[in-house]
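There are two complexes below, and they share chain A, which is joined by chain B in the first and by chain C in the second.
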Partner chain A sequence: MTATLLLLAAVFAGAAAALGHVHRPGVAGEAGLAFWLATAGLWLLATVAVSRLARLEPRAPAARRVVDAAVPLAFGAFLFFLWEVIVVGAGVPAVLMPAPSAIAAKFVASLPTLGADFVQTFVKSVLSGYAIGCTAGFLTAIVADRVPFLKRGLLPLGNFVSALPVVGIAPIMVMWFGFDWPSKAAVVVVMTFFPMLVNTVAGLSAAGPLERDLMRSYAAGYWTTLLKLRLPAALPFVFNALKINSTLALIGAIVAEFFGTPVVGMGFRISIEVARLALDMVWAEIALAAIAGSLFYALVALAERGATFWHPSYRQ
Partner chain B sequence: MRIEGSAGTGGMAATSNGVQVIDIAGLTLTFDTADGPVYALSNVDLTISEGEFVSFIGPSGCGKTTLLRVIADLERPTGGHIRVNGVSPEEARLRRDYGYVFQSPALYPWRTIEKNVMLPLEIFGLPKAERRERARTFLELVNLKGFERKFPWQLSGGMQQRASIARALSFDPRLLLMDEPFGALDEIVRDHLNEQLLRLWGKTGKTVLFVTHSIPEAVFLSTKIVVMSPRPGRIIDVIDCDLPRERTLDIRETPAFLAIAHRVRDGLRAGHSYED
Partner chain C sequence: MTAEALPAPRAAARPLSRIFAGAAGPVAVVVLALLAVWYVAAVLANWSLVAEAFARGGIPATFGDVLAGTLGGERPVLPAPHQILAELWKTVVDTPVTSRRSLVLHGWVTLSSTLLGFAIGALTGIVLAVAIVHLRMLEKSLMPWIISSQTVPILAIAPIIIVVLGSIGIRGVLPKSIISAYLCFFPVTIGMVKGLTSPDVLQRDLMRTYSASVADTLWKLRLPASVPYLFASLKVAVAISLVGAIVAELPTGAQAGLGARLLAGSYYGQTIQIWAALFAAAILAAALVAVVGMVERLVLRAMGARR
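Then we have the complex of A and B:
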């Protein structure tokens, strides 16, 4: 335990020293063999430290949580460290791969632009498209469940539509709904509708036969059975679709902006800055998309835990 | 060969007052399957009076569960006459005449034990205060006081099944239908629940129809035992079980108990010999 912590501290100190050293003139872009050997040694030390950390199993639940969080954090931080040291030390051109520090500096310097892009792409296109697509898919599933011919006719069609590539439908949606965010929201609606439909239809048949017989024995009608049994039983499936859709929606909205957009938006910025070889801005947008997408997914997953706490995969 | 005379003979249990709760004559149910028709029930005759505890026993496929499901209107017969509390099974179901206890507890995992017991009361539109009051009463009756806020999956199998019995009793149905409720439980838990069930029946005076695989369980609980046989599903014997009403598990060692158990076993064996 103590040895592991000391080792971690040593790695941390070594990494800090290397980071300070690599940016100096005379080292940046022309680091010598000694520097690379030292970095390789640090790498070995870090590997030992993290694998020792991962083996720790403290008994206190709080300490366990700290360790559980520390392992991926330490691992990720070291990856960023290597990225920074290699790119700066070897003098990799920024067009090929900017250093994390350069991306972070660009991120902070362009906050107003990133903010405007976030509102345009995430708040307007993704959230509205996601809400409309998921709601429509859910309601259609309930109707399809009641009307057998819809269930048999719509589901194969759903598989067909969900196989359509987003690069195919995006230009069509731009033709239909114009350059601004409604056409992007429409792409998101198309992308999220069918996963929700298919999952909810499957979920509505998840309730067991005895549970249904119980409702029948109470002379419960269609709506009572739906609300008190079938929808709760379908919730794990619905949340599965919500999680799939949270990532699909962001991809759809960003890619759709490649096909015509006003001069704002994450997809627009990525395509325009690539053309101007401003790769640090592209990476800043990618970082923004990663953060927004992860938080969105995490929020949905958190809601899932709250709503389906009774499911065997979450029981405590 | 059916033993016709035994159906409808009166004078079994002390509390039965002669009112016919179940009246079945010539009941037939045939399932059409890809492999040809399956005769789940063939020409079944049976009457059951109010306040009786009737067990249905027989090997798998003898139609005992199907018969219970027909009474509950969960299955439609293909022929014959059936009356539940003087009306058709569907009318009886629609006016909520019976509580059904299934082979597994069938509690909804997203509801607490208390909310599970209140489920039928919610559907029947009882006011909230009464729902809570009844849940309290019936959970106490099945010895689950203090577990109201637990979820079903936090309880043992025996406790879950007791909760499902409380749920079936909560709306005070005239008839309790139980389909192998203790089949999945171990012997010791089963003995314990059998004693509790007997006490419960004594307290509530309901008519109970009880499907089981176990001869000792059937003899211990019942005022009347219906022995069934498969292919086609039919009744081969109806045995009056006139042991005293106050029973403890010790009764299983007495000659009277063993004599009845012997007759049940003979009936089951006779039913089996038809197949060969």
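Then we have the complex of A and C:
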């Protein structure tokens, strides 16, 4: 335990020293063999430290949670460290691959631009499209569930459409709804509709026959059974669709912007800055997309935890 | 006995009801309904455009003229299904494969990068899954990053990968395949980790009593047990691999491929061309998934699965 922590501390100190060293004028871009050997040694040491950390099984649940979170964090931090050291130390041109520090600096420097892009793409296109698409899919699923004929006809189609490259409809939507955010929201609506439909229909048949018989013996009608038994039982499936859609929606909106936008938006910025070879700005935009996507996903996951606390996968 | 024998003549007497008990009948009805809605929508969407054109030309147009115009226009807002099929027929069958207008050529460009990316991605996914199952450190440290890598809109990185690889001299099919591979390794990894850990404690204990090595357990127990999981994820992977290849053609203004066709169509307002490219992509996706499904059935039968 203490040995592992000491090892981790040593790796951390070594990484900090290497970071400080690599940015010095004589080293940046022309790091010598000794520096690379030291970095390789640090890598080995870090691998040992992380695998020892992963093997730790502390008794206290709180400590265990800390360890479980620390392992991927340490791993990720080391990846970023390697990226920075290699890019700066070997002097990789910024046109090919900017260093994380340069990306972070660009991110901070262009916060207003990023903010405007975020509002245009995420708040306007993604959120409205996501809300409409998921709601429409959910309601259609309930109707399809009520009419068995429709269910048998729609479900194979829905599964089929899920395998199709739906983003391809982006140029058509841009033609129909114009360059601004409604066309992007329309793409997101179509992309999120079918996963929601298929998952909700599957979820509505998740309630077991025993529970349904119980509801019948209570003389519960269709709506009571739906609201009190079948919809709650379908929630894990619905949240599954919400999680899938949270990433799909962002992709749909960004890709749709490749087909024409006003001069603001994450997809627009990415395509324009790539053409100008300003890769630090592109990476800053991607970092923004990654943060927004992860937060969105995490929010849905948190809501799921609150709404389906009874599900076996959340029981301790 | 009687219960089994009785329903047969009834079903034979009413074949229609048997068709509608399955999926084929309802799907056909829904598809026909969609087609009908499509035609109505095409007439409504194109009506004002066609009526205006007639009025501008000063030609007195009857109702029938405008109706015919809405379903046969050159650049309609929404082309009718038969126009799309005609365009597909023209660009697939009537055009020589070497021509720049041939959809077969564009489809092949996209398909080749899809397949290469699918192969790279599936292999990476399997190797990663095997490593994750065997190394506890990787399971704890890598798995969260693999999952969070999917909350990043990977497709947004597509232009960078193409530009970066292009500037160090790698062009053509490989950069597009890398995007496909990046997209499709994820479901394979997740499915394979599930599949490789699917043998239960009893089966693993049996391998231990045989004093089987780790490699033996992998080859003779874990890998065979993971095959159904593998194919389930391969079907997802091949579909998104195609999406990756198409999107990879967009931001760089690729010259050939279904994505380039979409982009060119949107620049010049050729709606029929866009829809034809979309249909071609859909047919390609369906065919790819069907092929994976066929291989799945063959492999499972060869492995003695009960079907």
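Everything below uses one rule, namely that the second predicted complex is superposed on the first by the 311 of 316 C-alpha atoms of A that agree within 3 Å, B and C clash if a C-alpha of one lies under 4 Å from a C-alpha of the other, contacts with A are read in each partner's own complex, and residues count from 1 in each chain.
Convention: a contact is a pair of C-beta atoms (placed from the backbone, for glycine too) under 8 Å apart; a residue touches a chain by one contact, two chains touch by 3 or more.
Values in this document were obtained by computation on a predicted structure and should not be read as measured data.
> So, A:Glu30: does it touch chain B (first), chain C (second), both, or neither?
The answer is neither, since A:Glu30 touches no partner chain.
> If you tally the residues of chain A touched by each partner, is the higher count for chain B or for chain C?
Tallying touched residues of chain A, the top partner is C.
> Can A:Ala289 be said to touch chain B (first), chain C (second), both, or neither?
Only chain C; A:Ala289 stays clear of chain B.
> Applying the document's definition of touch, where does A:Leu210 land relative to chain B and chain C: first, second, both, or neither?
So A:Leu210 only meets chain B here.
> Once the shared chain is lined up, is A:Val95 touching chain B (first), chain C (second), both, or neither of them?
A:Val95: touches chain C, not chain B.
> Can you list the residues of chain A that touch chain B in one structure and chain C in the other?
none
> What part of chain A is in contact with chain B in the complex they form?
Touching chain B from chain A are residues 208, 210-211, 213-220, 224, 228-229, 232, 235, 308, 310-312, 315.
> Please give the residue numbers of chain B that touch chain A in the complex, ascending.
For chain B paired with chain A, touching residues are 72-74, 93-96, 98-100, 102-104, 106, 108-110, 119-120, 122-124, 151, 153.
> Using the touch definition from the top, list the residues of chain A that touch chain C in their complex.
47, 50-51, 54-55, 68, 71-72, 74-76, 79, 95-97, 149-157, 160, 162-165, 167-172, 174-176, 246-247, 250-251, 254-255, 258-260, 266-267, 270-271, 274, 277, 279, 282-283, 285-286, 289-290, 293-294, 296-297
> If you look only at chain C, which of its residues touch chain A in the complex?
It comes out as residues 20, 22-23, 25-31, 77, 135-137, 139-145, 148, 150-157, 159-160, 163-164, 167-168, 235-236, 239, 242-243, 246-247, 250-251, 258-259, 262-263, 265-266, 269, 271, 274-275, 277-278, 281-282, 285-286, 289.
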